[in-house]
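Below is one structure, written out as C-alpha cells; the observations come after it.
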Amino acid sequence: MAKLRGTGIAAVNYPTGMNLGGDPSQALIHATTSGSFVVALSSTDLGQGLRTVIGQIAAETLGVAADEVVIDTADTDTGPHCMGTFASRATHRVGNAVKAAAEEARTALLEVAALELNAPVGGLVLDGFGNVLVAGDPGRCVRVAEVASKAQFEYGRTISGRGAYMKPKSPVDPETGAMDPDSTEAHACTIAEVEVDTETGQVAVLGIRSAYEVGRQVNPALVRGQIVGGAWMGMSHALYETTEPYYPNPDHKPKDFSEYVMPGPAELPEIDCVVLEVPSSTGPYGVKGVGEMTANSPIPAIVNAIYHACGVRVDDLPVTPEKILRGLEAKWATESAAAAGGR
Amino acid sequence: MTVVEYFLPRSLAQAVDLLSRHGPDLLVIAGGTVAMPLINDGISLPRQVMGLRFVGLDEIEPSDGGLRIGATTTLTSLLRQRHVPMLAEAARRTASWSIRNMGTVGGNLFTPPPGGDVAVALLALDAEVTLEGSRGRRTLALSEFQTGFMTTALEPQELLTGIGVPAVAGETTYVKFGRKEANTPSVVTVAVRVARDGEVVTDARVALGAVGPHALRARKAEAVLVGSSLEPGAIDEAAEAAAEECEPFDDGIASAWYRRAMVRLFVRRALEELVQHVALEGR
Amino acid sequence: MKVAGHHVLDAGPREVFDAACDPATLLAVIPGCEAIEQVAPHEYQGSLVLRLPGVGATFRTFVRLVDADPPHAAGMEGRVEGPMGTIAGRADFGLTEVDDEPAHDGRPGAGSDGRSIASRTLLEYRGEAVIQGPLARLDSRFAESLANTLIAQGLQALNSHLIEASSTVAPASGRPSPREAPE
Amino acid sequence: MGSRIVSFELCGREVEVLVSPMATLQSVLRSQLGYTGTKEGCRQGGCGSCTVLVDGEPMMSCLLPVEDVEGRRVTTIEGIAPVAGLAPIQQAFIEKNAFQCGYCTPGMVVLTKTLLDHHPSPSRDEIIDALGGNVCRCTGYAPIIEAIEAAAAGATTDAGRDAGDWPDPSGER
C-alpha cells in the first residue's frame, strides 16, 4: 500500500459583484419612536451574515449601538430595490446604499437634536452608546431615544434616510474588448497538502492554508467563518460533491443526503488562514466581497496537489477515487510501454 | 400521510394477531429508519401500519456461547454488547448515533445495499433468523433469508422476531469501506471468519456487502481459503475469487467497476489484518 | 426501466411455453402472486402482494401475450398498478432448445441437480417499462434490481415446477414451499 | 379517523396532543406545539437538523411517529438551557462562532450537549462519530469541534445571555 503526499497551489482574483445592465441596490432607514433604527432592504440574508454586517455598517454610520439597528428584509415586493444576494456583492453594494441612507438619517437626527440642545448641527457628535453630545461640552447631551420620540411627538418630523448605490453598466469596447465589469477585486492564494492512497484512490486532504486579501473586514469572525467553511466546501467540490454522477447513467444522481456524497467531520483537514486588509476605494469603509471566493482556490490547489503526489492529472470534478485509480492504471501502462520500448 | 391506523401492539402475540387479521397490506415497521423516509417522501403510501417498538423483542441474551438478539434490538444496544466484538464493530460503523438509537438489528436485514452492514457480519457468523406467524415458528439460515434485492423468505403472515448467533468459531475481521469515515454508505463491506487447526484453515466465511442484491457469501473465496495456511498466495487468490463472484452495481456512491476493485482490495486487507492479529495474539 | 437476461430451463421449449401460458402454473411460480385468471385468449389479470421493506402493497396486474410464435417466441404487454404507482411495459421472450450443456448463466437451480434431462431451453428476455407515480422518484436501480430479482425468482420457481412436472404424472399445483437450508 | 391523544413529557412539562396517525414528532413539535426550534431538513434521517432527545438519547424526530414517544421524556433545543443563562455548550458555540446560517445549529447543540452529558471529555474520535449524522454546510465543522472541545475543557466564559462576542462596531480591535 502506497500513500503518496503532494502539495499544490492556486490563486484567485475575485470580482465583487457583476456588471449586469447596471447593478443597483437601495436602502431606506427610519427611526422608531423608541430610538431604534429600521433598515428596510430587499437584499435577502441566505445565511451568509448579511444582516449582521449591514447592521454594523448602519450602526457605525449612524453612531449608535449595533443592537439598536433592526434589519428588515421582509419582502422583495414592497422593499427598496435590490438586484439580489449573489456574486459576493451584498456587503459592497448594499453596504454602500445603507451607508448613504444612514448618513442622511444621521443628519436628520442631528437636526432635531440641535433644536433640543440649542446648538449648531455641526457641533454635535454621537457617542455610539445612544447619546448625542455637544462637542467639547459633555454636560450638554440628549438620548437618541428622546430625540426620536420628540421628533415625532413634538416636532412632527421624520428621522429617516434614503440611500442608493449603482454600478453603472460598462459596455465592451468593440475595438479593444476592454470593459469595467466589477467594482473591486479580492484576492486569495491557497496551498493544499494531500495524501493519495494508490490502492483505493482515496484522497485525504491534510491541510488547506490560505492568504486572503478582502479589503476592510466589517466582521472578522464572519470573514474567518467564511474562509474556513469555504475551504471545506472547496474540498467537497474537489473530491466529493456532484449532482451529475460520474457514471454513464444519469439515473444514479443522488436524491438525498445518504447518496449525496460530501465529507463529514472526520475528513476535516487542518485549515489555516491569514487575512490582509487593503481597503477598496469603492466599498463602504473599504470593503470587498469574501463570500463565494472562499471555495475557489482550494479546488485547483487540491487537484494540483494530487498531481504532485501521484502524477495523475484529473480535469473534471469531482476527483473521485475511481478517476485516480483509472489515471494511475493508464500512467503505469504508459510507463511500462515506454520502458519496454526503451529496451 | 395516508395512514389511517397505526397499531402499536404490546406483545408478540398481539402483533402476530394483527398481521393475520389485516394481511400483507399492513406495513410493519420497527425503528422506522427504512420505512419513514419512504413514507415522508410519499413513495410508500400505507393505510395501515404496525410499529414493533413496544412488543418486547429488544433484548440481547447470551445463548450457548453465542447470542440471541431480539429483532427490535437497537443498533446502539448491539454496539454496547461485549460478547461478539465483530457485531459491536459492525454496529459502530453503521449510520449515525441518532439513527443507531432508532434502527434495529432486524431492520438491518431488510436494508437494501449499500446499507445493511450488520447483516454482512451476521452472515459471516452463520446467523439464523427466527420467523413467527399465525402458523407457528421456524428458523432459517440468514443466507437463505435474504433472497434478492429487497426481498426475503418472509411469508405474508410472518414476522422476523429474532436472530441467533452461534458461538463464534475462529477469528473474525470486519472492514467497512465508504467514501468517508463516519456515517457513510458502503462502497464495500467485508466480514471474514476463519477457523484453523494449527496453521491450516478448516472453515472460512467471506461475507460481502454493497456488492450484490443483498449481503453475499463469497463461496469460491471461502473454498480457496479452506485447506490453506492463509499464505499470501492463498489470500490473493481468495481476493480475486471474491472480486469475480460478487455482483456489484452502479449508484451515486461508486461504480460497479470500482466496487469490484475494492472487493479485491478489501478482502485481501481483511485477511491480512486477520493474520496480523493472530500473529500478535500468538506471541 | 430496462431489464434483460437469460436463463436455462430444464425442459423443452414446448413444455416451457405451455407452462408459461397456464394460469395455475403462473400462480405457483410468480413471486407474490395471489390470484390470476384468464380473461380472454392470451389475456390474464391478477393480483400480486409484495412485502418490501418500508412498503406493503397489493398490486393489480394485467398481462397480454402478443406476437406469440409457439414455442419459439412471444411478446408480453403488461401493467402493474398499486399505490406506489404504475409500471407498464413490454417484454420479449425467445426460447431456444439447447444441448445438455452446463447452465449458461451459472445460476444454481438450472439443471444443477445432475439429473439427465431430455432437452433444455435457453430463455432470453428483454423488456422495457415506464414507471409512473411515486415509484418513479426512486433511483432506477431500485426498480431494475427488484425486477431482476423477481424475474430470477420466478424463473427458478418455473424451473422447479417443470422438473417436478416431468418427474410426476400429475401436474404440480399450489405454491412451492419455501426452500430449506441445504445443510 | 384514527386520531388519538398522545401524552409525553416535553422539556420538563407534561403535554397532551391530539395527533393524526403516525404524524412525526418533528411535525407535531413544530406545527401543533409551537416548538419551532427543531428544524425540518431532509425528512430522511440524513441531516440531523431535527435532532431531539428521547429519554436522553438523540433521535431524528422526522423518522419518529409521535405515538412512539407516548409516556417518554422528550427534550428539544428549547429545553437545553438552564433556567438562567446558557448551557456551556451554547456559550461555546457563540464564542467559537460555530455557526453561519444557523439552520443546523439547534440539532448540533442538542446533539453536542448530549455528547458532553455522555462523555464529559470526549476524544476526537468520539466527537467525529457523534457529529457524523448532522450535516453542516457552512462551517466545515471546524468551529463546532472547537466549541465542543472548549466546552469540555470548561474553557468558556460563564457570562450569561448578554455576553455578545461581536467585534466592536467602531472597527477598533
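Here the chain labels run A, B, C and D in written order, and each chain numbers its own residues starting at 1.
Just so it is clear, a contact is a pair of C-beta atoms (placed from the backbone, for glycine too) under 8 Å apart; a residue touches a chain by one contact, two chains touch by 3 or more.
For clarity, every value in this text was computed on a predicted model and none was experimentally measured.
Farthest chain from chain D, judged by C-alpha centroids: C.
By count of C-beta pairs in contact, B-D exceeds the other of the chain pairs B-D and A-B. Mean C-alpha position of chain B lies 31 Å from that of chain D.
Here the spacing of chain C and chain D, counted between their Cα centres, is 51 Å. Averaged C-alpha coordinates put the centre of chain A at 46 Å from the centre of chain B.
Chain B and chain C have centres, each the mean of its CA atoms, that are 28 Å apart. For chain A, the set of residues touching two or more other chains reads 249, 252, 255-256, 258-259, 262, 264-266.
Touching of two or more other chains is recorded for residues 137-139, 141 of chain C.
Shared interface positions of chain D, i.e. residues touching 2 or more other chains, are given as 44, 46, 128, 131-132. Contacts from chain B toward chain D in the complex involve residues 1, 3-6, 8, 31-33, 36-37, 39-41, 49, 51, 53, 76, 92, 95-99, 101-102, 181-183. Listing the residues of chain B that touch chain A in their complex gives 37, 115, 177, 179-185, 250-255, 257-258, 261-262, 265. Residues of chain D that touch chain A in their complex: 42, 44, 46-47, 97, 100-103, 127-128, 131-132, 135, 137-145, 164-167, 169-171, 173. Of all residues in chain B, those touching chain C in their complex are 2, 24-29, 34-39, 41-46, 107, 110-112, 140-141, 143-144, 147-151, 153-156, 213, 249-252. On chain D, the positions that touch chain B within their shared complex are 1-2, 20-24, 43-46, 48, 51, 54, 57-60, 62-65, 67-68, 70, 111, 128-134.
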